[in-house]
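Take a look at the structures below.
Each of the two complexes below includes subunit A, the first together with subunit B, the second together with subunit C.
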Partner chain A sequence: MNQTVTVSITEDQRDCYQEISNVAMGQAADLLARLLDVKVILPIPVVNLIEVNELRMALSGIENTESVSGVCQGFIGNGISGEALLIFNDTSFADISSLLKYGGITDSSLELELLMDVANILIGACLRGVGEQLDVGFSQGHPVVLGQHVNLTDLIKAKNYRWTKTLAIEINYKIEGYDINCDLLLLFTEDAIGVLNEKVNYLLED
Partner chain B sequence: MAIPVLICDDSSFARKQMARSLPEGWDVELSFACNGEEAIQAIKDGKGEILFLDLTMPVLDGFGTLAQIRKEDLNTMVIVVSGDIQPEAHAEVMGLGALDFIKKPASKDKIKEVLTRFGIL
Partner chain C sequence: MTTDNSSDNFKEFHSFMGMLQNLDVGLVVLDREYNIQLWNNFMESHSGLHPYEVRDQLLFDIFTEINEEWFRHKAECVFQLNTRAFTTWEQRPYLFKFKNYRPITGSAEFMYQNVTIIPLDSSVGVVERIGIIVYDVTDVAVNRIELKAVNDELKRLSRTDKLTGLFNRGYWEECLSKEFKRAKRYEQVSSLIMFDIDHFKHVNDQYGHPAGDAAIKNTADALIMNMRETDVAGRYGGEEYAIVLINTSAEQAKIFAERLRKHIEESVVHYQDISFQYTVSLGIAELSDGISNHEEWMEAADHALYQSKEGGRNCVSVYKGK
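== the complex of A and B ==
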C-alpha cells in the first residue's frame, strides 16, 4: 500500500480558493468595520499549500520583531477540519480600545477580552462565508489563547500539529487611519484538502 | 447588434462565474480583463460599453480604474461587482461614477434586475 498520499492543488483550484476567501473576508471585514466604525483595508488573500513547519512564512503580514498576541480556534464540518489563527500586532490594542470606547486603556486582561471579541467576529464570519460558498456548515470550537506579548516565532512554536501539509489562507487586515494590523490564517488539514478540492472542482465545472 | 461587455477581475474563476451569470439570450460580445489597466485598454478598443468591475485587484484596482475612466472621460457604464461590501466602499465607488454595486457572489437575478433598472436589458 502506498503510504505517501500526495496532496496538491492546481492553479485553477488555487485561484478558486482565493476568490472564495476574497468574498468571505469581505463579509468579515464588513462586520469589523461596523463594530469599530472604521474602514477596513482589504488585501488580496494569499493561498498556499505548505508544510506545517513553514507556517512562519505564511504569516507574511507580521514582522518577527513585533510583539504579538494571538488566539486559535478549531473548526469542523462535512469532513473538513482545520484551525483558524488570529494574530494581532500588540500596538493594535490601544487603538481598538479607543474605538470601542474603552478610552485607549489597555491591560493584559482587557487586551485578552478585545482579542477574543475580534477573533469571534472575524473567524466566525470568515468561516461562514467560506462555508456558504462551498455548501459546508462549520462548527467552531472554543477559542484558545496562543500567547500574549511574545514574538511570532514563539507564538506559533507552541502549536503542535499532527498534520504535515496544510492549505493555508492568509488574510492581512489593516484599518485605515489606525495602527491596527492583524493576520487571519485559515489552516485546513491534510485530510481536508481532498474534500475541499472536490467541492472546488464542482464549482469550477458548473 | 451585440453589446460589447467587459468583465474585469483578477480571478479567472470569478470571471467565469460572472460570465455564466449574465442573462440568457442577452446579445453580447464578451471580453475579459485581469486588472484595471487591461480594462482601460479594452474600453479604448471599444470592448467595454458595459463593464463589470471587481475592486480588489493587483496593478490597478477598481477604485483606480473608476478614477481613470472619469479622468479620461471614457464611454462605458460601470457596474461594480465586489466582495468588499463595506458601506464606505459602496459609497466611494458610487461617488466615482459607478452605476451600481453588486455584492459577490453575484446572482443571476440581481444582475438581471440591475441591467433592467438601467434600461440596458
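== the complex of A and C ==
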C-alpha cells in the first residue's frame, strides 16, 4: 500500500540547501578549473522541490530544442539516496575539445570521454562536498550514459516513476571564454528529503 | 585479554582478505609510478599471472593492450584531484583484454569491463596509490549492443518499401518536410520531382501483376542508379515515386528528369518469358516563395505531373506557379 507522505521544505531549509550546494559546487568548480586549466564561472544553485515528471523544468540552464548528451550516476548513504545528472549542450563539445589534454587521441568517442571526465569530477566533488557538510559518506554507483546527441525530452524520459517528489539542486556551469554549458542536477528521492531536512535542521540550530 | 583481542582482529582481517581475494571483481593497487603492487584472485585467474610475477612491474609493460596515454589521463585526475574516476565499456570495451567468462556459449570474444579508479593512502592529503576496480559487464554490454542492432534494423525496415528498397511514403514525407524547413531556413534552392508509370493498369492487365511489380522494381532501380547520394527518393504510392533533389534548381532537375525518363524508356523489363517496355511522366516543382508547406510543394509537383500526362505522357513538365 502506498502511504501518502507530504514532504515539504521551509524557506530556511531551502536557504540552507542552497548554501550547502554553494560550498560543494565551489569545490567541484575548483577541481574542474584545475583539470582544464580554465576559469569556471560560478552560478547560483537553484533548489527546488518538484514533481519528478516536472524534471524537464528543473533544467532551466539548457534550452529545450537543443541536442544534448547526458550521464547519470546513482548515490546512496545514510538513508539518503538519489541520482546525479550531468547534461551537456552539444554545442559545448566543439569548444571543450580544444581544452582537452588528450594529445594524440582523436577517437570519435572523444566526446564520451569528455562527458565522463567532467561527470567524474563534478559529480564526485559535489557529492563529497554535500556529504562532508551533512556528515554522510555517499557510495556512488557506476555512471550510465543516458544518451548522446538526443533532445532533452528523450534524454530524461523515465517510464516508471516510483517517486512523485524530488529535491532537485540545479547547478549550471559555464567556463569563461568558451561556449560551454553544462547542467549538473542533484536529485534526492522523496524518502530522503525527511532525513535531509533533519540534518539541515541540526545545522540551522547552531 | 589483549592477545585474544588481537587474535580476533587478526582472524577478522584474515576473513576479510579472503573475501577480497575471492571477490569476482578485479582489484589492482598501483603506486605513483604505475607499478603493480597488489592484485586479487580475479586478476590472477584472468591474466594467468601470479602476483609475484607482476609485483613492481609497470602496468603498461604487462598489459600492452592498455592505451597508456588514455589511462594516465584518467589516473592522473585521481592522483592529483583525489577524486574517483569511472570509465564505462561504452568508452573502451575493456581495460584488460581478458577472455569472456563464458567462452563457449557467450557471443562476445572478450570481457566487457566497467572500471573505477579510486584514490588510496591519502591520509596526508597526497594520493600515493590508486586502486583499480574491474567489473565484468559483458552480459549487459552484449544485450545493449544486440538491442541496438535490432532497433536499428527495425528502424530501417519501418522506413523502407519492401519491393523497391526505396523509402516508404511515411518516412519519405518526413524527409520532405525536413528538407522543406531546411531549404526555407537557409534560403537554399531545392527541387521536388514526382513521377509515375504511364498506363500502369495496362501493364498489369496485359502482362499480369508480377510483371507490373517487375516494372515497379525496374523503375526504382533506374532511380537509384541515376540519383546522387544526397537525394532522397521514396515510393509514394503503387506506381508513384517522388524524389527530393537537394541544392538543385528546376533547370538542373529537368536534366536529371530527362536522363531518368530516357533511361526508363530504353530499358526492357524481363519477367519470366515476357519482355516489355514502358514509359514514365514526370513533374518538377522548385521550392519558391509561394509554397508555404511541404504539402503545397507536393501539390505543385503533382500539378506539373498532371501537365505531363495532359501533354501526351513520357515527358517532363516544370511547375510555373499558380
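Just so it is clear, the second predicted complex is superposed on the first by the 192 of 206 C-alpha atoms of A that agree within 3 Å, B and C clash if a C-alpha of one lies under 4 Å from a C-alpha of the other, contacts with A are read in each partner's own complex, and residues count from 1 in each chain.
In the analysis below, contacts are C-beta pairs under 8 Å (C-beta built on N, C-alpha and C of every residue); 3 or more make two chains touch, one makes a residue touch a chain.
Worth saying up front: this structure is predicted, and the values here are computed from it rather than measured.
After alignment on the shared subunit A, the placement of subunit B and subunit C results in a side-by-side fit free of clashes.
When the two complexes are overlaid on their common chain A, residue A:M25 makes contact with subunit B while staying clear of subunit C. Look at A:Q140: by the touch rule set out above, it reaches subunit C but stays clear of subunit B. Contact with subunit B, but none with subunit C, is seen for A:D12 once the two complexes are overlaid on the shared chain. By the touch criterion defined above, A:A125 reaches subunit C but does not reach subunit B. Residue contacts after overlaying the shared chain place A:L204 against subunit B, while subunit C stays out of touching range. Once chain A of one complex is fitted onto chain A of the other, the partner contacts of A:V40 are limited to subunit B, with no touch recorded for subunit C. Using the contact criterion defined above for the overlaid structures, shared-chain residue A:S109 touches subunit C, although it does not reach subunit B. The three-chain arrangement built by superposing both structures on chain A places subunit B and subunit C 150° apart around the Cα centre of subunit A, to the nearest 10. Look at A:H149: by the touch rule set out above, it reaches neither subunit B nor subunit C.
The minimum CA-CA separation between subunit B and subunit C in the overlaid arrangement is 14 Å, rounded to the whole angstrom. The touching residues of subunit C, counted against subunit A in their complex, run 67, 69-70, 73-74, 77, 80-81, 83-88, 90-92, 114, 116, 135. Of all residues in subunit B, those touching subunit A in their complex are 10-14, 16-17, 20, 55-58, 82-89, 103-105. Taken together, the subunit A residues at the contact with subunit C in this complex read 31, 34-35, 73, 101-105, 109, 112-113, 116-117, 119-121, 124-125, 128, 140, 142-145.
Of all residues in subunit A, only 12, 15-16, 18-19, 22-27, 29-30, 33, 39-40, 42-44, 133, 203-204, 206 touch subunit B in the complex they form.
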